[in-house]
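Here the chain labels run A, B, C and D in written order, and each chain numbers its own residues starting at 1.
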Amino acid sequence: MASKTLAIIAGVGPGTGASIARKFAKSYSVVVLARNPDNYNPVVQEINASGGQAIGISTDVSNSQSVNAAFDKIVEQYPSQKVAAAIFNPGGGFVRKPFLELTEADYSTALASQGQGAFNFAQRSIPLLLEARGASEYPPTLIFTGATASLKGSANFAAFASGKFALRALAQSLAREFGPQGVHVSHTIIDGIIDIPRTKAWVLEHEDAKLNPDAIADSYWHLHTQPRTTFAFELDLRPYIEKW
Amino acid sequence: MASKTLAIIAGVGPGTGASIARKFAKSYSVVVLARNPDNYNPVVQEINASGGQAIGISTDVSNSQSVNAAFDKIVEQYPSQKVAAAIFNPGGGFVRKPFLELTEADYSTALASQGQGAFNFAQRSIPLLLEARGASEYPPTLIFTGATASLKGSANFAAFASGKFALRALAQSLAREFGPQGVHVSHTIIDGIIDIPRTKAWVLEHEDAKLNPDAIADSYWHLHTQPRTTFAFELDLRPYIEKW
Amino acid sequence: MASKTLAIIAGVGPGTGASIARKFAKSYSVVVLARNPDNYNPVVQEINASGGQAIGISTDVSNSQSVNAAFDKIVEQYPSQKVAAAIFNPGGGFVRKPFLELTEADYSTALASQGQGAFNFAQRSIPLLLEARGASEYPPTLIFTGATASLKGSANFAAFASGKFALRALAQSLAREFGPQGVHVSHTIIDGIIDIPRTKAWVLEHEDAKLNPDAIADSYWHLHTQPRTTFAFELDLRPYIEKW
Amino acid sequence: MASKTLAIIAGVGPGTGASIARKFAKSYSVVVLARNPDNYNPVVQEINASGGQAIGISTDVSNSQSVNAAFDKIVEQYPSQKVAAAIFNPGGGFVRKPFLELTEADYSTALASQGQGAFNFAQRSIPLLLEARGASEYPPTLIFTGATASLKGSANFAAFASGKFALRALAQSLAREFGPQGVHVSHTIIDGIIDIPRTKAWVLEHEDAKLNPDAIADSYWHLHTQPRTTFAFELDLRPYIEKW
């Protein structure tokens, strides 16, 4: 459907991001952002082939110039469309190492991908979401994807946890500032292995032990549809078998 | 619809409980429990009048004999129906007083309503939920209703917060024990004033400043529909305008 | 030393409670409470033999009449002494069982020991602590002993975690109400096995892997000595080797 | 005292850092780090004048070259002395602004000061702390100073909270990795206004309503003296009158 409303999704590979794009494409035109076009091209083509509307823009979220260029392009391409949803889902900055083996770049990359990247994305998407108030069926929504490391700094996760904690701080701060202005800001905790091409071969002890990206996307959509009387901020998602 | 599947909802008055009953009655036969039949009779009649199926059983959840009698009656009445969902939503035990004015009974009532009541309800519903695995479309689900006081013991809330903290501990423990067995256990944080008959007259500074019980029910239903690959444990719901 | 100031410690056996009593007896007369006099008699005799002053009173903290009788006796015996510190440390209510094997009494005992017991103890000690303001060197202090189960409801810990969560809620509520009135309320998280006679024989993989009760007592004393400008509410204590 | 043992304190101005330096200087030689020598010169002179031993090194913790130069100088100057304690206390990165007024530099500075700065400091201090095991009276200790914003991302605090959340993640990860190796890693939550020259003129409603930096230092020292059987990770400190 060539909707008059947009969803912008940053961090789209063959996993959660693609599922979210497919789900939101049932109602909105979608713009997907990722550094490498190979990551988003398949889902862009799939959505367009099945009657939806999608474009991809190569973007490095940790680079503000790149983010600004992407949003300038979105505004140029869709001058009269409102942004109903913006979703920040990049996986960058993951590294698992003993602390003394971490490099300065390992640590700064995690902060840049998860913290600064989310900052850049939010700075450009929030003005568009504020403009969309009243124009979209559901309150305009900004969702950030967190992880187990958003709540717990485990051994060997100093860098990634720092990035994910920073992202959660940002999400909380935005929810408290922009919730009262009618923008729904949420943060999810994805706690477990997601069932994506990269993890397909991993054999776990129990069946159904990996998170289903389509089910994650269903929950993101549910968050988006909540009325402003009843906003959820945080949702933790994990396989039934996960220890936590 | 006279479904072959049941939902049991404890704590049904004219607010959230009634909305949950209405929502789940679209798919299931519902059994509603409350101490005072005046609280559940209207929604039972409404559901039956509109083509659904509902019964109410007068029950004091804090009394195990009363809970046992209610569940015995459910099993007797619906001998071959599986229990797809059980929801614990009683509001008992609320009291707001300076600590030294709290009576021993104020405190014990809060623990009995929220802690022991949830224990009694879970002891009888979990065996039924375990039996329902594989027989219902969605994983059998047990949801507990929490509150702001589930996360924070504020001044003047010693009794109610103790009950709500206990309830959350119970919910976590059950999620960790029965999640791996295929029962979805969730806990919600209802953080704000709910828009129910009792609060209708309360004038707040902003519009839409009260939680909508139908929207709460939609979120409970969403939790219920999650596949076991992707269970949420906790969801916080609040009006956009709420301070937190 | 026959101090003009008292410390009251509930839950004194041969472990943490005895160490706390010994530590506080260096500065204060101490009153120790436990159900079974065999639990407190050794430390009472030890304190009195080494120049301190201690008495024990057989008390069931979960029973308000018993708590009232104990406090009446304290006031009668020490009519002019101020209560500088009150510490709630009972271990009752611990049980580890699959949920469906828990009895109603298992659950209610945990709530009674940890929740209602702390309520009873606080109702009587807070008025005495309020009276002690200005009369003791350090701000009057009320400390509650928590555990791993105060923060996490693990599988098989539904009863104990419910009690410990309730206790933490109570402690938070009291800290927020009575802190501004000059009473220092704290809660500790004892996360690990304590090195007491009952656990002496337990061989762990690493040395020093059990919490030292004297070191716990040192931390309680440190909390007590904090000025009102700089109160700590919560302190988590665990062996260096503990997973958390 | 010209101790054979060192304490290194980063972030020393006329407030908490100076109090920590004074406290630890009673037992150790101290090295204080701050960007501006004007910030640490007074306390260095005071410590040396009163029989202690202190040096200051101008250091920008967010710059790894600067941190490396400082630690190289410490090792050169004190070739045979063990590092008993390292404390990370810089206040950089604080900014309070509506989100859309934050600049990219505001946000990156907060991450650099609190996150990357702590990373740089820990990378150099942990090897020295590991070497000090067994050589110092108390387990070698690494303490990070957190704030209210370490636990809550409030409106207008997106940048500072992101930095402080990242710092807490780092502290947790280090505690879980190096605690079992015998290094005590702690994190404090300083929740309130500290009574320092800059805040002296601020008149609050109640007396004693500001945190006393000497009392904060006493708590840091207490953390340092804990044996490895009984390590605290986190301690929250606030004035009795503070809302939380």
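Structure notes:
FYI, contacts are C-beta pairs under 8 Å (C-beta built on N, C-alpha and C of every residue); 3 or more make two chains touch, one makes a residue touch a chain.
Which protein is which chain? UniProt says A, B, C, D = Oxidoreductase.
Predicted model, so just to flag it, every value in this text is computed and none were measured.
Interface comparison, B-C versus C-D: the higher count of C-beta contacts falls to B-C. Distance from the chain B (Oxidoreductase) centre to the chain D (Oxidoreductase) centre is 46 Å, each centre being the mean of its Cα atoms. Rounded to a whole number, the gap between the C-alpha centres of chain B (Oxidoreductase) and chain C (Oxidoreductase) is 34 angstrom. Note: centroid distance chain C (Oxidoreductase) to chain D (Oxidoreductase), computed from Cα atoms, is 31 Å. Residue numbers of chain B (Oxidoreductase) whose C-beta contacts span two or more other chains: 176. The touch graph of the protein chains shown is a ring with every node of degree two. Chain D (Oxidoreductase) meets chain A (Oxidoreductase) in the complex at residues 64, 98-100, 102, 104, 107-108, 111, 115-116, 119-120, 122-123, 126-127, 149, 152-159, 161-174, 176-178.
Of all residues in chain B (Oxidoreductase), those touching chain A (Oxidoreductase) in their complex are 139, 176, 179-180, 182, 184, 195, 206, 208-212, 215-216, 218-219, 222, 225-244.
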